[in-house]
Every structure is written in C-alpha cells, then in structure tokens.
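Here's the structure we're looking at; comments come further down.
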Amino acid sequence: MDFLIDFFNLNDVQWVPQIVNIIWNGSLYSLFALGYALIFSVLGVLNLAHSAIFMWGAYVGLWAVCGNTVFDGQCPAVDVPVWWAIPAAMIGGGIIAILVDRIAFYPLRQRNAPRLSQLISSIGIAIMMVAIAELVFGKERLSMPLDAIPRRNFDIPDGLSIENPLDIGRIGLGMYVAEFNILLTPVRLQIIVVSLILMIFLGFIVTQTRLGQGMRTVAFSERVSSLLGVHVDNIYMIAFFISGALAGAAGMLYTLNSNVFLPSTGSELTLKGLTVIVLGGLGSIRGAVLGGYLVAAIEVYMVAATDYGGLADAVVFFLFFLVLMFRPQGILGQPLPDRA
Amino acid sequence: MKQRFKIVVCLLLIATLVLPLSAMAQDGGDEEETPRMGFWEECADPANLSGEIPIGVVFGLTGSIAQYGEPQANGVRLAEQEINESGYLGEEATVTFVYEDGGSDRETSIAAFEKLINEGVVAIIGPTLSSQAFGADPLAADAGIPVMGVSNTAAGITTMTGDPELDQFIFRDSLPESGVIPGTVATAVEILGIEDVAILYGNDDDFTASGYEVFVDALEEAGVEILLEETFSRGDVDFSVQLTKIIEQDPDALVVSALIAEAVQIVTQARQAGYDGPIIGGNGFNSPALFTDAGEDANGVIVGAAWNVGNPNELSEAFVEKYTEAYGNPPDQFATQSYVGAWLMATAVRCADSADPADIRDALASIQDFPSPLGLFSFDEDRNPVHDPVVQIVDDGAFAVFDESYANYFD
Amino acid sequence: MLSLKNVTRYFGGLTALNCVNLEASAGQVTGLIGPNGAGKTTLINNISGLDHPNSGQIIFNGHEVQRMAPHRITALGLARTYQNIRLFNEMTVLENVMIAQHFLGKSTLFHSLLQLPSHRKEERFIRQKSLDILEQFGLSHLQNELASNLSYGDQRRLEMARALAADPKMVLLDEPTAGMNAVETEQLGEKILDMKAAGIAVLVVEHDMALISQVCDIVYVLNFGEVLTVGTPDEIKRDPAVIEAYLGRDE
Amino acid sequence: MDTILNFFDKILQPIFEITTTLIQPILDQLQVIGLSGSVVNFMLIAAILGISIYFTLYCGMFSLANAGFMAIGAYIGAILTTQHDASLGEALIWGMFAGGLIALIIGVPMLRLKNIYLAIATIGFGEVVRILIREFDQLMGNLRDDPTVGGIVRDILGLLVEDVDARRLRITYGPQGITRIPRETEVAHLVVFLLVLAYFLYRFHHSRMGRAMAAIRQDERVAASQGINVVYYKNVAFFIGAIIASAAGVFSAHTIGTIGPEDYDFGRAVDILAYAVLGGLGSWVGPIIGGLTLEAMPEILRELKEYTGLINGLILLLIIIYLPGGLTSLFRPSFWLSRGRFDTAQRVVTAGIVLVAICNVLPYRLEAGAQGRVLGYEVWGLLPAFISVGVAFFLVQRISPKPEGGRYSVLLAGVAAGVWLAFLILGLVGQIENVTTGYYLHLIGMALIVGGALISYPPEIEAASQRKPEVA
C-alpha cells in the first residue's frame, strides 16, 4: 500500500519552518473563529456575516492609515504608523458588528423567530455588505504602498551588537530564522503575538469577569438571566462588539500580510471558520482556538508531507463531517442543549 | 468632500443616483502626431454603412471578477471613442458598443448573450472567462453572429462546438497559454540552462489549471525534470508551506501558474523565504501590479505574455499613454486585448462594408497583419491569434527583453 | 397489558427512576401520583419510547418495548397525551386526528399519485372515523379550525381525541386535568370511565385526588424515582408514608 | 432499457410538442419584458430547485445539501451525454439515480442531526462533493496506478470513461469542467417536469406521507408517538429532495452546455435556500414563485446591475425579517382578513409595495420592449421605491410598537414622503416625459405606504405562517 505509506510519510518534512507556519496560520484562523464562536455560544446563531465584518474591518484599518484617498480606490501614502490600523480595525469591526446585530438579528430576536431565520438574515446582510464595500471602495484591489509594511524576513541588520542587551533578542531571532529557513516577517510575528494577547484577553473576560458571567448566563438561558437581573440586550451588544473587534483585528492582520484589499476578501474564510469552530466544539471558546490550530496543522500536513495538497480542504471538511456525525459537540465542546 | 458624500449616499442606498451623473464622457484629445490604428489604406472607405452599428460587449462587471472586467470595458470604451471620432466607419456610420454584465458565472453571461442577440447586435466581444465562453459562445454561433474572446486563453475555445460550420463564428485575439508558454519555457531553458523545476499552480481555477497543463507539456518537450508539483486555491494568501517544501528541493527554477493576486504573494514570499532563482510565470503574471505590489522582489520573474506594458511598439506606447490619461492607471494585458478586439471588430465592419454578421465574419477571418499594440496581428485558420508573444524578465523594477545577456543574471 | 420490571433510568448522576415495578391491565384505570420531580413524566416517556431506560424491562402487550422506537410502540396499541398540550398547531383539528391513524394506513405516495381506489377508500375511511371521534368529543363543529385557534379546554379534548383515534389498547394520560375547572374535570372523569368500559387500559398521572378517587382502580405512588406504595385510592389517602411524601415529615 | 426508453419517447414526444405550442404565447409575452431563451430555462430550473429544498424544509430539516446533489446530477448526466452518447432522458434517469443513491447512503448518519447542526453538516457535504469532483481525475489517476486497488478502480472507471489508461484521466476535467454538453433541454421539458412535480406536490400534501412529514416538522417527538416513523420519513424527504435537485442539475448542465465544480459552491446552496425563503414555505407554490422571481429579477433589472448584490441581500433580509411567510403569504386570504395576525398598517404598506413594484417595472419595461431598446431611466423610478419601501417598513415595524411611536412615525413618514417627492421631481426633470401612467400608480402606491405608516398602531408582529418559537 504505497498510497498509505505516502499518506503518512513524515520523513521529508522540514519540521521547524512548517511548525512556524502552523502557528501563524492557526493563530489567524483562531482569531477569526473566536468571534464566530463567541456569537454562537452567547446567541446560539451562526453569524455568516462574520467574514464580511472581517473584510470591513480591514478596510476601516486601511482608511485609518491612508486617509480619504481610499474612497477613490487609491492609497498612495501612509500618513501614520501602519500598526495604528489594528486598533482602528478593531473599533470599526466592533461598531459594524453591532450594526449587523441591530439590522439583521435584533428584529428577529424581538419576534422570537426561529434561529434558522437568523442564519438566513446573516447571509442576506453579508451579501449586502460585500456589495456596499464594492460601491464605497471600488471593485479593484487596493493596497498600501510597498514600503509601508515591513515585509522582509527577520534577519540581523547591520549595527546590532551583542554587547547591547536590547539587540540580543533581535540577533537571536535573526539567527534562528536564518538557521531553520523560517519564513517569519514582522507581520507574521505580529499576527502570532496579537492573536495570543487577544485570545488570553477574551479568555480572561469570559471566565473571570462579571461580564463573562453575564454572557455565560445569557448563553444558558435568556429567560433565566433576565430574571437574575442581567441586562440581556446589553450583553448581546457587548458580545457583538467583541466579536466584531476580533474579526476586525483578524481582517487587518490578514490583509497586512498579503497587502491586498478586495471586497471579496474573507469570503473563503466563512466556511473555513465554520470548520474551525465545529472541529473545536461549537460554542466553545477554547474549542475555537484548538480548532484553528488543528485546521492549520491539517492543511500544512497535507501539503508538506503528502502529494495530495489539493485535497487539504477535502480532508478538513471530511473530518468536520465525521465530527458532526459522531461528536456533534466537537472536540472540546460540552454536550449542548438542543438549540436551533 | 466628494468622497464623504459618496459614503453617505451609499449608506442610504441611493448611490445609484449619483453614478449616472458622474459617468461623464472623457474629452477626446487630438491625436494628430500619434500613429494611427486601423486598415485605412488596406480597405476602402465604407460606402454602404450608415447609422449606429451595434456590437455587443459582455464582460464581468460585478463581483470579484470585476477587477478584470473593468479594465476590459475601459479598453473597449477607449477604442469606441477613437473609432467614432476618427470616422473609421465612414461619414454616415458609427459603432455603438452595447455593454452587458456577464457576471462571474455562466448563467449571467449566457443571459447577456441572448439579450444582445435578441437586440440584433452584429457581433459580440467577450465574455471574460473561458468557462463562460464555453457556455455562451455557441449561442452566438447558432445565431450566426461572430463572437470574439479577448481574454479566453483555455485550449479549444475556437473549436468548442466541434462543428466547423458553427466554429467558424468563434474568434479570439487572446493568445492561448499554448501559444505563449512553450516559447517562454524554451527560451528560459536555453538561456539559463535549467535542468529541473518545481511547479506551483492553482488547482481550483480553470485558467491556472490549464496553464499548469501547458507548462507540464512544454517542460517535458524541453527535457526538464519536474521535481515536485504543489497546488493552492484561489484566494489563498499564504504559500509558505508549499514554498518551504519547494525550496528544500533546490530547483533550478520555480514555475508558477497563477492569477496576479496570488502571483504577487508567491513571488514575495518566495523571495522572503530565501529563494533567489528564476520564477517563470504565464499570462497571469502580466500585470503592473507585479511591480507595484511586489517591488524589487519581482526582479528575476520571467513572464511570457501576449503583451505587456513595456512593449517597444509605437502603437502600444501610444495606447498606454492614452489609457493612462483616461483612467489614471496604466493598462494591463486585459485592457489591451479588449482594445485591440474592439478595433478588429470595427475593422471587419469597415472592410466588409456591411453590417451583416456573415459578411463581418468573413472580413474578420481574413484580417492579416493588422498593426496593433500587440504587434502585427493575424488570425490563423482556426481563428486563433497569430502575433509574437513577448518573453520578458523583470529587471530593476521593469520588464526587459529576456535575451542572452541575462544568462548569468542569477549567478 | 403493561408490565414494568426493575426499570431504572438515570441522567448523569441523577437517578430519575430506580427499580420501578408497575402493572397495568386492560379494563382498569391505573393511577400514578407523586410529588413534583418524582419521575412521573420520565416514566411515561420511557413507556412510550421517547426515552429509554438504562436497565430493566418494559413489556407491553406481550412485547419487550424498552428499546423500541416510539412509532413501533404506538403501532402495538399505545397512545398518550402530554402534560403541556402538544398539538400540531399548523394543522386543522380534523388533520390532527387523522395523523393519529397514520400507522393504520397502508397507502403510499404512489397510491396517492395514481389515485388508486384503495387509497381513496382508505382516505374516506380515515376521514369518517376521525369525524366520528370528533363527534364523540363534541369537536366536530371545529373540524376545519387550526388547532392553535382552539380554546384551552378544547385543545385538551382534542388531544384526548387524538389519543383515542388509533384504537389504542392502552392510553397514557399525563396530567389531563391541568388547568381545568371542577366541572370539566368531572366530564373528563366520565370519559376515562368510558374508556375503561371499552376495555382500554388507562394509566393516568394526576395531582387531582378527586379525579383519582373518581376513576382509579389502583394507584401507584412514586417518590424520588421509587415506588413508595401501591393500593386503592382509599388506602393511599390514608397511608402516612404518602402524606409524608407530599407534605414533608411532621417534626 | 432501450425499448422502454423508446416507448416513453413515443408517449412523451407529442406531449412536449403540445406543450411547446401551448406555452408559446406566454414565452412571447415574457420576451417583451426581457425574459427569453435560456433565462426562461434558468427560471424553471430555479423553480425545480426551490421544490427540492421545499421537501426537506417541509419535513422540518434545514438542509443545504441540494447544491451538492445538483452537482452530482449534472456531472453524471454530462458524462453520459458527452462520453456515451446518451439521450437527455437517459442522462436524467441516471443522474437522479446517482443523486438518490448518495442521499440514501449519507442520509442515515446525517439526518440524526437537527437544526443548525444539520445545516452545518449539509454545508460540509456540499463542499466535500465540490472538492472531490474537482480532484476526481487526479485522485482516480493515482489510485488507478496503484498496484493493489488499481484493478477495481479501473473497472469502476470503465463504467464512466472509455480510455481508462489515458496519461491524464479525463472524467470530470478538474477545475476546467466538462464542455460540449449537448444543449438539449427545452422549455417544454422543464414545463412538463414542473407540472408533474406540481401534481406530485398537490397529491403529496393530501397524502398520508405529506401529513406525516408536516407532523414531523411541527413536533418530532409527538409525531413519533403518533406512530410515525420519523427516521424513515426524514430520509424519504431528503431522498426526494435529492433526486429533484439532481434532475435540476441534469437539466441545467444541458441548458448551459458546460459545467465546472465552482458552479456548485456554497453560493449556489444559498441561492436555492433564497428561492424557498422568498417564495415562502406556506405552500408548495412558494418555492416555485420564489425561484421564478429571483432568477428573473436580475434580468428585468439589468440596468441596476451594479446594485444586484445590494438588492439581493436587501430582499433576503427584508423578507426574512418582515415577511417570514414569503411572497405567497400575500396571496393567502388569511393574511389580509384574519384577526390579529397582521396589523392593518402592514397590509396597507404591503399593498403599496406590490403596486409600486408592479408599476415601476411593467410600464417602463413594456415601453422598452416596444422600442426594442432598454431605457436607462428605470433607475429613477425604482430606487425611490426601494428607499421608500425600506423607510416605510422601518416606520411600521420599529417605531410604532413603542408607546411614544406615534409622533416619530408621523415625522419619519413625512421625511420619507419628502425624500420620495424629491426623487420624483428629479426624475421628472430628467428625461422622463412619456411614461405617465406608471407615475400616477406610483403616487397612489406611495400614498398607501405613507398612509399605512401613519395609521400604524402597536401591531402584533406575527406573520401568517410563522412557526412558534422553539423550546430550548
């Protein structure tokens, strides 16, 4: 069975650089999926407009650093440090997510409509958001000027000295990157660091704060929590803001890495994000993180160790399918009540 | 102020009302000193033509495909303006290009074709994608209306129906990948002495997948060993996994079949990962975005294409200048081929001296050595384009002719 | 007719039913009482197949049914009502009753497509029979109303009619008098006695002791998932253990 | 097989001919408003797809798998007609067979899932189908050359393709897709198929099975304890939906003449869902109307092509939020007459919308048809309508339920009327002089909308066929 031997062939893989690839891809997936999972766990709805918020977050970030020229489809110069785009994208994403909630989910919630209607309305608003982005920012790709984003691999620049304690980390990183042939640019490092910070922060909010307690109560039962004096609508609004901010951050980091802004950005993540949260456990925050790294690992494995790189998506979806069949709550998820 | 206004308007869902107003016609400058397009001498001034001669144009103008469809439509608009202002079709007649959105799926372009055919156009230019052409072109052929693809590069476009009677109505002015890639590969192998390569291609897109097949055939023809083949999907932004694997194999060259969005990422990331050898690409690489988005990383990219912006050809230079003036950015290959396509259609009308589709078809088929930004242009017996493709290398942020002087470029 | 042997059901660490033994026979009304949370509804669900016991046997009409799908148990002749009324709200009253005779029918979609005589005969038969039952329950004037538009009492009656529509050998009634006034409760008692007279085994879960006294031949008292005691209604009323279970120990 | 097919051919051929003659006048009318040729085919195929998802929804299952089944039908059908010279009829039979078979295989494990889990699983199914079709040639090529399983794979592939040993296997043609599929689907085929389906649905509703499925949708557990075999009927509904979707796939492949795996992506699944949502699930007419409308709309509104995405999204959103019963609920007398279900203002507004929509499209379109060219100024008429519809909906639904809503609603209605009037004047100042009737009707419609908003009082926001909220 050559086929199977090939399939699990792990001998020729360059471990170190590929693991770095898993980490930074996985961080991005996790960051994207976190917001997805948060909304699912609090409201029990699948917000398929999440990738549209992701895309809008990226454009808001671009607008923040480029100024109004983006509306003419150009970004000739970046006026402020490019990293400012990330908080801008987070705030923008958060506000847009609240708008999405008010327009697409709130009226249905008020009417106590089936949750599947909310799935459909999220599709509707996602289509609209892409169309509006096309009108506002144009259909052609936008990008920041070439020199705005530090995009070289980490190396050891001239003028660093081992005597200077501040330079040691930089030298070590540069040597490490060179030694193992790793592809690690400042943006990618940024993705890893920012994602980890946000994940820890979200984890802290959900488990340690009153707000997180409120969220968990609302997730358990809307009725019970309003009886307990939790302001349910506020919780929803905050959940949407956090989810949108995470999507905005993910969108900004994603586009900083590729420097391509298109209204269709992120559409491929709608379903990928779905696989992430299903594999990890629907509605589980830790599950979303685990799922992100898992999906990244599968993708990297398929490309790096097998000759069937083109089937990576099929393998991910197949696993997704199996998990739903035999463990619908996902790997880390708790058995959920039957929510629609 | 205009931009802010636009946002507000848009959020109120009334942007429509502004756009028709702002879609002003461009001023046509006088172009006495620039060289002229067209068969002014070869075909006599038309005597029988009068009124507006409608020619349909179907490009993808909405959705993600619009990034290709918009430049195409711009190319045709520029040609339309030039043709009518110069009186190419005689005193009495003008050509009117009727633009329809072909969307990004087959159904929309089929519907657009049927609409145009019902409205009585005498010829059609488009659609944008080869996959759409396979669906829509037979409709025009059935109706006896000549159709010309200006961006369809898949194999077998002009013989798609399998019926010579119908096929004779299907033309294209876009060199198929098989007309560009073998020459590129052969030149690169000859000059650089390439012995083994790695291939990276998009496997979910008909353009990149067919480009990949042509590459494989051409590489085998040239006796080059393929060390490994890796794939990616449309919309991917990270190629480091594939590139890590490829670089480890240390190929003499990296062969890539990708559209420009992915091509830029691949080039950049390959360079970041420490690969400094040649990268050979097809038509998909041929876009100004390669320089604007990849910068100096693009150096050493070898591109075979029907046309590129650095083409040393008077008509081409004039076209680039006019296009840049009109639309604010330089044309890409799509715009150029659609511009030439519109001129070819007008030439066929002029030479046929008739607005009858059958006559136009005959005149189109007999066009030989038409001077154009693409070079001297002819159709072969299968109605595929014949003109010299350019094999160029990116050197110092610009395209340069790829010749013997680059033999030691990568050492 | 129905016999439960050592039926045990637990959810996680919580034991809902613990070694329950119960007998109910044809032509007899068996009562089941117990404080809230005693496991009465769990027991009914286990009998009707909506839930399955972890161990023990349930024998209905000579078949072991503890692992059987609910629709098959129904086909053996079991019908039930629900504590909180569960009608098909988007259907008319008549359709609600017709649904109950589903498993009696034989015709498939193809019979229906071709309008075979057997299909039409069957439809006529089911419709007529449903109308008869509605007549019995005094609902025939409402046959074309949507079930959701009925008054509470009518909905209760309709649920009972639906349960009887399939000619069951046994009926499980889960708190049938909830929300009814004394007169309605009395009328309901008459209906239950009619069923008993028709030879149907009835198992009724109830809080209303008046109804229990009116109709039951034998009463099981359930507490914390265990059968506390069994006896006639009079015996039960006097049993100090039952009183304690309901009212708590008198310190 | 051949004799049976010949027999059917003899019966069906005259039927198709008669149908063609009968529908010709309708087709002529449709052509006037810009719907002709393949567009009519696409509309009818959309209606068939709408019915395919209607079956699963009718049984209470939210399945997005039908794009996958459409792909299976299309590919099996196309392989048969292009490589084995099969007729459309044979392609249809085998395409439906293949779709049905796969539905039976995956149905048993998958249909244990409910609600959103089922929706997600079916999305996964669609993606797996699409990717496998795309990678089929390469994967099978590798398996074929494998020493152990190669023999069996060769045998199976032999059923699909003649040249099993070709250097590059050509069955699904990877991402390029299959071309040169004979365009044999005629409008008559689709009309007959749809009529058969309609009869099927009509009978279905009045059959034992139809009642059982409706019961399962409303309360699965109660249905089970009424003696209904829930698992069986769910599988049957899934199976019927799958074979209908497969048939639609075969028809569409033989209308377009070329297919590729990307034609059947998640977007297609959403489209199919939108047909059902737009039309409404209250009756089987809903998905048919939804499919026809949604497919015809972009053609009728070609001048608004820049805004197709915006309009499609907006329609989906407005319908699901404000008209959960879909378009068909407008045709139901109970919508207009019943007490307490829908508030008067909303009815008046809806009437206005319908009127505005009709008079915005029809007069211009008729005139456009008569002139043989499309008029650009439809934009002027349509957009204010959409805006005013949006504003009016907002007014009625969002402001008036609040106690202090009256004042605001008057204010906002005034603004809406003002905005609309401004656009009307702008439009009149523009090129529009000759189309007057449309504008009078338009005015009446607008008056109804604004009036409805003004008289609105706290409504019970409850639509005709809205389900009761689920119990968590």
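As written, the chain order gives the labels A, B, C and D, with residue 1 at the start of each chain.
The rule we apply is simple: a contact is a pair of C-beta atoms (placed from the backbone, for glycine too) under 8 Å apart; a residue touches a chain by one contact, two chains touch by 3 or more.
Keep in mind that what you see is a predicted model, and the values were worked out from it rather than measured.
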Least step count from subunit B to subunit C, where 1 means the two chains touch:
2
Using the touch definition from the top, list the chains contacting both subunit C and subunit D.
none
Relative to subunit A, which chain has the most distant C-alpha mean position?
C
By CA centroids, point me to the most central chain in this structure.
D
Please state whether B-D or A-D has more C-beta contact pairs across its interface.
A-D
Per the C-alpha means, the centres of subunit A and subunit B lie apart by a whole-Å value of 35
Cα-centroid distance, subunit A relative to subunit D, in whole angstrom:
32
Between subunit A and subunit C, centroid-to-centroid distance (C-alpha), Å
52
Mind pulling the subunit B residues that touch 2 or more other chains?
62-63, 203
Subunit C: positions in contact with at least two other chains:
none
Multi-chain touching residues of subunit A, meaning two or more other chains, are 132, 134-135, 310, 313
What are all the chain pairs that meet the touch criterion?
A-B, A-D, B-D, C-D
Counting only contacts in the complex, subunit A reaches subunit B at residues 12, 14, 17-18, 21, 25, 68, 71-72, 132, 134-136, 139-141, 143, 146, 151-153, 181, 183, 185, 254, 257-260, 262-264, 267-268, 299-300, 303-304, 309-310, 313
The residues of subunit D that touch subunit C in their complex are 199-200, 203-204, 206-209, 211-212, 214-215, 218-219, 221-231, 465, 467-468
Per the touch rule, the subunit D residues reaching subunit B in their complex are 31, 34, 36-39, 42, 134-135, 168, 174-177, 179-180, 183, 256-258, 260-263, 298-299, 302, 304-310, 314, 372-373, 376, 379-380, 383, 386-387, 390, 423, 426
Note which residues of subunit B are touching subunit D in the complex, please.
12-14, 16-17, 19-20, 61-63, 100-101, 105-108, 110-111, 114-115, 118-120, 131, 134-135, 138-139, 154, 156, 160-162, 203-206, 208-210, 213
Sites on subunit B touched by subunit A in the complex:
3-4, 6-7, 10-11, 15, 62-64, 66-67, 70, 203, 230-238, 240-245, 247-248, 261, 264-265, 268-269, 272-274, 289, 292-293, 295
